[in-house]
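First the structure, which I've put down as structure tokens, then a few questions once you've had a look.
Should a chain be cited, it is by its letter among A, B, C, D and E, assigned in written order, with residues numbered from 1 in that chain.
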């Protein structure tokens, strides 16, 4: 993830960072350049369409639908942003619960705890570590896919890493209870944090394995494609070769919105804007070790 | 459910998946093709309307309302998406609570548990299994309908499957408490998960048996129909036979938004984009068996 | 409430159900028909306004504000829908809590419970029954109104039905505790459900007795009225008598959005789209009797 | 607060209630009447601007920004409505928690409670009463203001009324615990309601002392002002003296949205649409006295 | 933070407060003034473009995208406002939890508490104080940044101030439990408030160290820049030198929305509209000292 100074307009406008949609769009912008130049050339020079051809009025359609496409894309971006932000909140919750669990155990456990402090100092940060690996796996991504996955032979029988860690945490806590080091009320006090780990894991899996419905996604791409591809037909008459930059800019705007949405709707991956899970897991380790020292 | 690579534009634009709105709309697009061709032919050739007919200006109406219809449909899609996503969250919560319940019981129950582990290994995943069946039943769908349902004679006296499973879970937990295998505090620790099952079930039923108000739904369809049907009247004057593709595309966009909304607003069914409840129930079984082994 | 097949376009478009906004608007559409015909006739035939009258350009205003009015109405409908959906969620929560309370009591109470099962089998469903009656009363609706209500002499001293039922539920639970049939921990286990009843009741009362601010509501109606009433002045010049259907359709769309909002913003009443409280109360009774048998 | 019949269009359109934005805007509408008449007169009669003056095309700007201003104001109104509705929810939560606390104490306290019933019958409703007074005070409103407030010499040292009441409630509950009238588990049962009072108070203070950021608010007003003030310049050419009613109506719509937002964004005051805190506090008293009788 | 009278239009319109976007934009408005004057001069006087140049029609592009840019910016502002308001809610939660913790301890602790009251009177307000310092530190801001920070050599090993305070609070509470001054149930009663501190801290860190994705932010700035920079090309033909004020106003509106968003999206800093953390921390101290006196 990049932390940036949002008030630096110069950098945002004139520099093209590797996560910039502009960079990703360059090849498509070139294609669009060829296509729109071709359309204008064909209509003006090859076909000699008369200036009052009915084709001239097709932009009426683009005006009527311009609203729908903008709105759809802005909503699309915001839905994707909500998923990204929910992912961030979940990992934030993991941080909070790891800290609180460590804080409570540090205060509850007696001096002579038979190695319990050492155990939790390792096991609590392990959850975040294992969850990160789990979310990057293909078996997690395709967990709900209806298609066959011969390349993932163990999709159904996959071991669930985070559950293993949760199991060992629960087991240790209840063992300490049986040994009399933790009272029944203290089990209740630790319950919220222990359950929260599994809740965070399940919610991250949900974001990972459930993209927005395919028919929605496919419709938006089809809509952008037809909308932009038909722009030059009518524009030729009123804009001549200025049609080319105008079409390019409109394409840049609409496609960028879709690209941003694609990049952020799954926040658990290796895209530039994806969440820095490794860094957060490291911070959790640092915090827990600072508390349970 | 289909897991897809949202960055694959080629597939989204040029392939027509069976869940694509385009496929569902083909017959209506053909009807619209005939209708709009007919209108243009009638106005131009049969009626010889003069080019300055007042009919020429009716698209003013479409411009004024173009905004309203786009906005309404985008909101409609987003409301439907919220229902779909809430459904997914509820099943995610079922996953989390099944896992946490299994994790806690695995840690709480003594070695000699008189078969309790075996019981829960079967009963916990059973809830998801039974809930899935319950949500697909007609008696669940029509539970709040005011109409008569002679085809469902047992609508009112229907056995409630998920409640039966919950009953047996509660009964077993309290029996273990009476036998002294679970303490009073441990009942409190299990309370959240046990109640959550019934809460998830009730919330899924709500989404299933309460569609958006009928007057809202009927209004949107009437609006789309009149809006699109009146488009060719004025377009003929400025677009001639180009009216046909323009009308078709506008119809495609507006109807697709409504179709997507219809498909996803009830996520518990057999549509392509509906939630993979069977798969999730299987995953729960796998997880619980992995924990309570 | 009507459960309908949202994929049935034919029925939605061509049939006019009794809850359809079209039916409610018929008299106003007739008035608008007379009015707009009158305006066109006056401008064209009586006043012989010249075709370049400045009045011709007044639709500029409608274009500039067309966006604001559409947006306002779509937001209005969505706010109303949120209230309706919140109402449904609250009753769903009542269902869940009734079921969970029954499930817990069924598991907790010993065989020899001195009639406790029988008591709860009647008292739990009674809450929903009494709440329904309570929400339909005028004393509930006007609970926060600043005006005088001579027709409701007992507005301030009104007995609060749901509180009475809650009182008897709490009293019974604590009596069972005193008799030793329920432990202190079990009181904690029942606490969530018992409090939830009162929370649901208070939230339903909030939706019932607090409509959206009057100045907002009055502004929207004034805005629609002036907007539609001034439409024909300028349209006459470009649409002649086509002004009439165009104005009617625009009026139909804008007024329908407001009508739908009015109908669903108070979900506790006797409108067609209002929540089927009686049916839900019956379902609760059926569920509870099935559990506490 | 006014409870009104939202289906009464006649009253909403033709009557001007004292809370109506129309009434508040009358003086400004008169000013705008003079101003726009002046502009039209100046351009047409004094300056004799030619009909093809470039000024004629300035409404292009209003079209491009018409969307932004409408959207901004609708969002503004909705954000304000969210604050108002949150305020209502908070007081609803106060009602629920007061009732639940009374219900629980009524069931928990033994017959011989040494005056505890009498104490709570007075102290619980007192919280709402004191909170209402607290929210109307200037010291609450300016609690976070960075400016100097010489007129409020005790701003920093102000006694916090609601905290005093909460203190006495807590003290009584724990005293009863020490006397053995309430068990440890019963303290846990009362905890939610007791904490909720302070949470409600803090959230109401937040809404009261934190208006939306000043730069946002100032920008919206500047935007409306410049937008409306420049409208007549170009309209004169196409609308002549019809410019006056058109400008007035546009101003009425935009300013009304801002006025409604201003009125409802702080729901704790003496505006007509503000929440009826006194009435709600009275209802709480009535409810609690009905329960703890 | 500034508390202002939102009903004072005069002040908002005619005064330019230091937090006003207008002030921040003055240099850019001057640049835009030069630029747009230059473009008009070049097109009219230097190049003598014919009045029917195709360049004349480029504003078609601005109309088609005008909707997208307005919508994007309004959504941007609202997303930023949500972050700001969430920040305010978190500090409100800190206030509530500090008060409730103090209220409970005041009621729980016996007269002879061995200095516990004195301890908590200092330690509870300390959390807010330390959290404020923590949020203003660079190590907090860059905690998740992927870049190298040689200027912050201790970024990874940074001591976590709020955790230290939480540790001492937990330690004291459990020490009192071991001394028998607090029972096991009372630990449960204090649990919610103690965990809440860490949850608030983690959520504030999240807002601080996770700005909206860089590609989103960079795209919006690029979009505004190109949109405004291309405005004068076509406007020259219809507006001549009126192009200059029109372009300036459009730039003012679009850039203001982005500026407001930038200022409020990180509410923990030293901007004028940032949250008055110092003041809130002082209020917490005052409240806690008033309760634990």
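Here, contacts are C-beta pairs under 8 Å (C-beta built on N, C-alpha and C of every residue); 3 or more make two chains touch, one makes a residue touch a chain.
Small disclaimer: the values here were computed from a predicted structure and weren't measured.
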Chain-contact steps, minimal, separating chain D from chain B: 2
Fraction-based call for chain C against chain B, same above half, different below: different
Inter-chain centre distance, chain D versus chain E - centres from mean C-alpha coordinates, in Å: 23
Shared-contact residues (touching 2 or more other chains) in chain E: 63, 67, 71, 184-185, 188
Touch-based graph of the chains, sorted into line, ring, star, complete or other: ring
Order of the ring members, counted from chain A so that chain B is second: A, B, C, D, E
Chain E residues within the chain D interface of the complex: 1-4, 6-7, 9, 12-13, 17, 19-22, 59, 62-63, 66-67, 70-71, 73-74, 77-78, 81, 84, 88-89, 92-93, 95-96, 99-100, 103-104, 106-108, 183-186, 188-189, 192-193, 235, 238-242, 246, 249-250, 253-254, 256-257, 259-260, 263-264, 272-273, 276, 279-280, 282-283, 286-287, 290-291
Chain A to chain B touching residues, read off their complex: 54-55, 57-58, 60-61, 63-65, 67-68, 71-72, 75, 79, 141-147, 156-157, 159-160, 163, 166-167, 170-171, 173-174, 184-185, 187-188, 191, 195, 198-199, 201-203, 205-206, 209-219, 221-223, 225-226, 230, 262, 265-266
